[in-house]
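First subunit A sits with subunit B, and in the next complex the same chain sits with subunit C.
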Partner chain A sequence: MLYGKYFSIHLKSQMQYKTSFFLTALGQFLTSFSVYLSIYFMFERFNRVEGFTYTEVLLCFAVVLMAFSLAECFFRGFDTFPTIISNGEFDRMMVRPRSVIFQVLASKIEFSRIGRLLQAIIVFAYAIPASGISWTYDKIVTLLLMLISGITVFSGLFIIYASFAFFTIEGLEFMNIFTDGGREFGRYPLSIYGEGVLKFFTYVIPTALFQYYPFLYLIGRSDNLLYMFLPLVGMLFLIPCYCFWRFGLRHYKSTGS
Partner chain B sequence: MIELRNINKTFKVARRNAGFGEALKALFRKEYTYIHALKDVTFTIGDGEMVGYIGPNGAGKSSTIKIMSGILNPDSGECIINGLTPWKNRKEHVRNIGVVFGQRSQLWWDVPVIDSFELIRDIYKVDEAVYRRNLDELVEMLDLAEIMRTPARQLSLGQRMRCEIAASLLHDPKILFLDEPTIGLDAVSKIAVRNFIRRINNERKTTVILTTHDMQDIEALTERILLIGKGRILLDGSLSELKKRNSEYRTITLEYSCGEFEEIHGITKQSQINGHAVFSVDTNIITVSDAIAHLSKNADITDISVVGASAEEMVVSLYEEFKI
Partner chain C sequence: MKQYLSLFRIRFINSLQYRAAAYGGMVTQFFWGFMTLLLFRAFYKSGAADFPMEFSRLSSYIWLQQAFLTLFMIWYFDMDIFNSITSGNVAYELARPVDLYKMWFTKNVATRLSRATLRSFPILIVAALLPKPYGFSLPYSFTNFAMFLITAVLAFLIVMAFCMLVYISTFYTMSSLGVRIVAAALSDFLTGGIIPLPFLPDNVQRIIGLTPFASMQNLPFLIYSGHIAGAEMFRGIMLQVFWLAALVFIGRLWMNSALKRVVIQGG
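And now, the complex of A and B:
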């Protein structure tokens, strides 16, 4: 498969700079470790946050962290898309007989995100048995759905971010509120930030659909089966993202910049 | 077969004056100016032709290339290349074309050139046998054998350009767009690239469209010239025709030991320093032999050369003629 070929080129390229790879991976690990510490100290003071226990919050944190790091590892091309536009590399993609969205996707694979991923795996390894959840099939499916949906929603956000670059390549940092912000907010179940924030992350940017509602089902706070399948609804977020991408591409083809 | 008919393209460009206040104002209300990049551009290029597409910076060359390669769609007009409209049938169309952007690389920077070639083979789904044959041929013609295992970032500019050209021909394109392929190359590399382009056009009958500012490229390669200025095609003709237009002028270069020169009607002095003088002679007014006779009257000439207009001068006079 062609993606596999791109994959091996990226692997070879990044292995040319091994030190840089290890340092970045270490840095990624340490930053997310500091986030973990902040959760740890919070629970040193308070036993529960909004009724959620330490291990429950850790589970929630691990889901978001893993989804984000996987999305960032594979969808990094969209994150660096403004550069692709401004250095003209995008024109090169346009003269190749493959879909451009695929080429952008394959243009970058960031293996150093493995640092963050490792952190997520460690937290999972601790929180899954420690959370006291009895892992029946439906719970396992819920957890997997949360992860897959999380990757999808974050990828969608990256695609939106990239699509803006078709119109302007200045001041795109505001989009980080939604991508990095989604990750930062996501370390606690979204309800602790209050009604307004929860609504925003349900209806506008559907991070709550993979993070909060199915999580309630997972820890047994709710037995509403609908909550288990809300991550699937969250995945539909990709559709408007894709439409926006098409719209941006059409704009690009008529302005050339 | 490339056919462009009445292609028009206008760009809307946000305009803003310098200064913080102006930048703030631009946030809320933008003023736009419209730039007519292409006006009724019409031309036809047959299979196997080699065409030089010239014009000053900002004349519309790259817009035309972008339209022909499916990156940009025009506001109006028709463009049919081998039966396809580039911006509507992008994927099918680009299979038949190769594009070399002189200033941007298509090779993956950190891996050996051969790895890039293999990925390009997979992107274009080139048949293995065809790929082998093309690769062997290109490696031989462009003398790439020794650099195939070198990462692209370690290549010299000339080596890289040879690889770029090879990379754009691996899938047997019928048409090759070369956007300033010799920019920044040393003399040896330039000649190697030119020889190769001529050969590929002769042997494979690949249609070549070449944009360049290097008039030696034009002189060495193309029979036909398209001149664009301010978005219009100003001239479409053969290089020899163009030369005829400018054939009334000769440049006489003199080395002399002592003496004076006098300008008369038909002879214009262009420079004179340290025993070296250059004159331009209008042969409609005075013949070359009369001019030489006149110039040698009062001076002791040690060396003399007479040349017709170079492509460089022809283009300058064309730019002047069309005021672009």
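And now, the complex of A and C:
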């Protein structure tokens, strides 16, 4: 398929600069490793936070990290979309006989995100056995749903970020609150930030739908089966994101450069 | 000296133009500080006895950190400098009758200062209006405030001298991205950017205390709220002066040897 072609071209081109690639991946790893260290040291001082233990928080951290790094790896094109608009590259995309979303998607695949992914895998490898959860089928399904839903929600946020560029040409820095902020503060279950923040991240930005409620089911704090399937509701977030993209696309005026 | 002053003025005024970016930045940083405080509040509720500092002092630390982000975070690199090395434009700069080290240093100081001018005060004013203990409070004492100003200036210069080393390394590696990210990731943790250093175990704190990183944002912010007071402040300043001299010395030496073997990349 065409995406496969793009995939292999991006892979080949990034492998041309091997040192740079590995250093970037190492940097990505270190960035998330330092966040891991902060969790480790906080729990060395305080045993629990709002009743959550160290291994439980690690599970939460790993879910968010993995979802974010996969979303960023494949949806990076939307993250750099403001440049595509401002340098006029988008006009060329419009005249090609393929969907615009597909082309933006394929315009960039960032393999160096593997550094972050690696960190997530290591944390999972430690936390999955150490958390003391008996891994029955429903728990495994819950974890997978959390991951898939996480990727969808972060991708949706990248699409919204890109859609704003139709109106402003430039990227909007405050969107980082939801993308980078979701990753940074999502390392702890969102309830610890208090009622208001949890509500915001449930009803406005559905981060809690894949990060908090199913997590409660996962660690056995709740046996409400509904919580297990809330990540599916979180995936619906993609619909308004897509509508906003269409809306922006209709208002697009070329920058002319 | 005059040419550096005018260079400073040009860069300072130039960066002041980006107001919209500054507003966006302020909103983001305010949110960031707020969430960080909520996070620490959760830990405080779970074990107030294990908290290494008073909560109001932590709040001042976090707000100062957000307000002066552009001064003290290592990762605010000047992309123009990296580009000038990789594209070969550095040749033009070398042809000018100015010292390259001083010029880059001045440029960076100017850009960062002007960004901080736009952002810091609105953040601090709004933060001061927040209810206790989450708000930004007045300095611990007059002496501490004076010492805060001195250590903040020194810390800023140390950050700059450290960034210079990253710039100079590009003469050798050509692609700056890797070094940049690694330096940013390490320093973010070691300077107390992710969690303040007092939250780390004592032995880890002692090791970090031996590096220049502890002399960056950590020292002035802790002095402001009175977490560090008395004779310890003077010891901190001595250490800062030492690190500033050492980093500038290493940087100049390294730059000279890099320029001896520099290969201009065409262009």
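Note that in this section the second predicted complex is superposed on the first by the 250 of 257 C-alpha atoms of A that agree within 3 Å, B and C clash if a C-alpha of one lies under 4 Å from a C-alpha of the other, contacts with A are read in each partner's own complex, and residues count from 1 in each chain.
Throughout what follows, a contact is a pair of C-beta atoms (placed from the backbone, for glycine too) under 8 Å apart; a residue touches a chain by one contact, two chains touch by 3 or more.
The structure presented is a predicted model; accordingly, all values stated were derived computationally and were not measured.
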| item | value |
| --- | --- |
| First, second, both or neither for A:173, with subunit B first and subunit C second | second |
| First, second, both or neither for A:253, with subunit B first and subunit C second | first |
| Partner chain in contact with A:2 - subunit B first, subunit C second, else both or neither | first |
| Which superposed partner A:13 touches (first subunit B, second subunit C, both, neither) | first |
| Partner chain in contact with A:26 - subunit B first, subunit C second, else both or neither | second |
| Dominant toucher of subunit A (residue count), subunit B or subunit C | C |
| First, second, both or neither for A:181, with subunit B first and subunit C second | second |
| Touching partner for A:92 - first (subunit B), second (subunit C), both, neither | first |
| Subunit A residues contacted in one complex by subunit B, in the other by subunit C | 17 |
| Residues of subunit A defined as touching subunit C within the complex | 17, 19-20, 22-24, 26-28, 30-31, 33-35, 37-38, 41-42, 44-51, 170, 172-174, 176-177, 181, 185, 188, 192-194, 197 |
| Residue ranges of subunit C touching subunit A (in the complex, touch as defined) | 20-21, 24-25, 27-28, 31-32, 35, 38-39, 41-43, 45-47, 50, 52, 173, 175, 177-182, 184-186, 188-189, 194-195, 199-201, 204 |
| List of subunit B residues in touch with subunit A within their complex | 11-12, 63, 66, 69-73, 87, 90-92, 94-95, 97, 99, 101, 103-104, 106, 108-111, 115-116, 118-119, 122-125, 151 |
| Residues on subunit A engaged by subunit B in the complex (per definition of touch) | 2, 5-6, 9, 12-14, 16-17, 87-89, 91-92, 94-99, 253-256 |
